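Next come the structures, one after another.
In what comes next, chain A is part of two complexes: it sits with chain B in the first one and with chain C in the second one.
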Partner chain A sequence: MNETDPNIAARQRWMGVLARAGSALDPHEAALKDSAYQLIRSPEVGMTLVRGRMGGTGSAFNLGEMTVTRCVVRLADGRTGYSYLAGRDKRRAELAALADAHLQGSDQARWLDDLIEPLAREQREQRLNRAARTATTQVEFFTLVRGED
Partner chain B sequence: MYVAVKGGERAIDNAHQLLASRRRGDTTIAELGVEQIRQQLPLAVARVMSEGSLYDEELAALAIKQAAGDLMEAIFLLRAYRTTLPRFGASEPLDTTKMQLERRISATFKDLPGGQLLGPTFDYTHRLLDFTLLAEGEYPAPDITLADEPKPCPRVLDFLAGEGLMAREQDDGAPVPDITREPLAFPASRAERLQALARGDEGFLLALGYSTQRGYGRNHPFAGEIRIGDVEVWMTPAELGFAVPLGDIEITECEMVNQFVGDSAEQAQFTRGYGLAFGYAERKAMGMALVDRALRAAEYGEEVQGPAQEEEFVLMHCDNVEAAGFVSHLKLPHYVDFQAELELIRKLRRQAPAEENR
Partner chain C sequence: MTTPHSSHWLQPAFDDPVLDAQVSFRAALGALAEPGLPRAMDRAHALGDLAPATYGLCLAFLDSDTPLWLAPRFDTPLIRANLAFHCGCPIVAEREIALFALLDEGELSDLSDFDNGSERYPDQSCTLLIQLDDLRAGIPLRWRGPGIKDVRGVNLPLPASFWQQRQARSAFPRGLDCFFAAAGEVIGLPRSTRVLIETEEAA
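Our next item is the complex of A and B:
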């Protein structure tokens, strides 16, 4: 799924960070909406059919669906931004699409520094915290020799 | 035969009002919020998402509230809502090997790379009512020490596959059938069976799985690996032409190691059963894996000895929305039907004495 094209790989990364951001996007609303834009596709709620693989690595099968919200925006300079977010949050889908558009422009470095990297750090911290909590439950089972003889 | 009935509008309206009032209960007690259900009844939410076949924690929690805690009713509500949404596409198949683990255990190997992680589990609890929960309390998580980014955990069954003791699961690249768009036909493919089981009733799958353990189609299972955690979902929208991550979902995966097949000592190999479910749903995933394996009887030339191996029986009865619907329809007016039955039985009984005298 990860592309070899570095531009696409970078975009996949920030789209993933934005998809996970949730309420952490809200403080950036004013900055994201600071320039003129139009909605090419208004935020729309739909579903993605989630697939699994038999035995984790085999042929695909349908597990069930998940709600997803998508949005497409265009900035005044013609750049378009897309978002596909798990869940049903139309406002944040619009914010994520705006972020995707801004991140493709000449100001990319600034948007990465101000928006994506802080979110990515926060998400990494949550991930590590969760892994550390799980690690506290790691067990070492040992079998006992029973004194029957 | 069904006959339309009219009337009863006021009684029906009042019944719904009464239900809403019953659901609310004593109004001097604070009302339960959807976010509270989502946070504090996560396993109920998981079940409703799995069997409702729609991953959305907030909607599942709402359905549980609306259904006054009747999970099957909540599942029905989620299934009904699901039909109102457009489908944007199908995801890339989940890569469960990269799951961020919350729990990972194996009953087949004591020591294994990645370790046994118990996670938040009811296992090893004493099943004694905890009266301290009657009072409000704080339940802090254990103290932690931050470590590095966790590495993906190797799959337990890959060790067996590596040794040639079990077939490796390969992607045949075939188009994925969808039983929500194309009705099931028998014999069904394994992909269709797994989709049906993934939506299937936990209790039904559990009972069928249990029946195989008790001898109705025995296949000697071991819980090779159970993992619970978050996986990232990717989808390739046509307008972008490359895959994008949509976010994480929590899932439960169970891989069973089952009795071996093969005509000769060299060919003998263990077989597999697979279970996958939305959310933290260990019992569901285990039941599904047992039934998946049982339904592979034909593939392994096994004699069908129990209901769990009967494909049509299992797949046509595992959906609790369908089952509840057909059982519930018995409550619909059958007045004319029953009048006909009444007439018939009365007529038979009138004739009987005359025949006896002959």
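Our next item is the complex of A and C:
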């Protein structure tokens, strides 16, 4: 197992989609909670340090702390699901962990089609919309050559 | 996605992580403050061979800064996975660098490799978490020292070799602190306690 393992890349993708889903998870609550499960780590709120880099070669610096909520559940068949969400919404952290657990099972394709793909599409549209709105405010600067070189 | 993974072994730990960890840590402090007095340590569930009291001590004490040495009896995938998940403690193979050690009664005849601190930093010694079957089934011992008004009778079932080892590793302020755990109770034995077996002074 390493970072190029396709399974890991796929799981990273859906965990990212679930982390960004927010209120879009709510309509799936009944389906996600349909099977018996156990809380291995009940949802808990904490802080995590966000680090950043200035430019491609800059060294890492501490950008600041953010609130995260994490949760781990286990389904009756032993599969575990993990979630890390920005903010302090414990209920949705539990839903996202349940989704992660379901997505590792034999029903993966169905969960991808029903849950992840619509959420990913919606998030992509929101991102493009926002980018389009922002693009209209872009200002291009021109600099006249001052003849110093 | 069907590869066997350590997450398969995970079990819930404390029901109320914050409160239960505080209560367990307080009980452990109390156990060291009043050596020989059994304290309730029953907030955790048993984990494989680990009794609730032993697991409670682990959950209260261990984190990513505390390397742990595991006795072979406790070195199972179940215990490793749950300690790694709930405590995040590194599990080390060398006794010398461990800050905590999880022992059963079979490991008590050789404590020579555990760190008993230095003159400058006696607090950096290894703390022994020792699981017993019972805390009251042994021969009568008389404990004296800080935290005990006169003398306290304790009946821990421990082999004579343990007291010899403890004596051998003791050079106050250096020494080994011990917790004895069975079922849902724990007894503390700090390095400062002098233990008398019947009339003869052993430590």
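In this section, the second predicted complex is superposed on the first by the 133 of 149 C-alpha atoms of A that agree within 3 Å, B and C clash if a C-alpha of one lies under 4 Å from a C-alpha of the other, contacts with A are read in each partner's own complex, and residues count from 1 in each chain.
Here is the rule we go by: a residue touches a chain if its C-beta (ideal position, glycine included) is under 8 Å from a C-beta of that chain, and two chains touch if they have at least 3 such contacts.
As the structure is a prediction and not an experimental result, all values here were calculated from the model.
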Chain B and chain C placed together on chain A: clash or fit? fit
Now for A:R70: first (chain B), second (chain C), both, or neither, which partner does it touch? first
Problem set entry | First (chain B), second (chain C), both or neither touched by A:K33 | neither
Name the contact category of A:F61: first (chain B only), second (chain C only), both, or neither. first
Partner chain in contact with A:R121 - chain B first, chain C second, else both or neither: neither
Quiz item: Thinking of the overlay built on chain A, is A:R91 touched by chain B (first), by chain C (second), by both, or by neither?
Solution: neither
Partner touching more residues of chain A, chain B vs chain C, is chain B
Review point. Once the shared chain is lined up, is A:R110 touching chain B (first), chain C (second), both, or neither of them?
Key: neither
Smallest Cα to Cα distance in angstrom from chain B to chain C after superposition equals 6
Intersected contact list for chain A, partners chain B and chain C 1, 11, 44, 72
The residues of chain A that touch chain C in their complex are 1, 7, 11, 38-42, 44, 72, 74, 78, 80, 104-105, 108
In the complex, the residues of chain C that touch chain A are 1, 3, 7-8, 10-12, 17, 85-86
Within the complex, chain B is touched by chain A residues 1, 3, 8, 11-12, 15-16, 19-20, 44-68, 70, 72, 82, 84-88, 124, 127-143
Contacts from chain B onto chain A in the complex sit at residues 49-50, 53-56, 58-59, 82, 85-94, 96-97, 100-103, 110-111, 115-120, 141-150, 155, 157, 168-174, 176, 178-180, 190-192, 194-195, 198-199, 232-235, 237, 239-240, 242-249, 251, 253, 255, 272, 274, 276-278
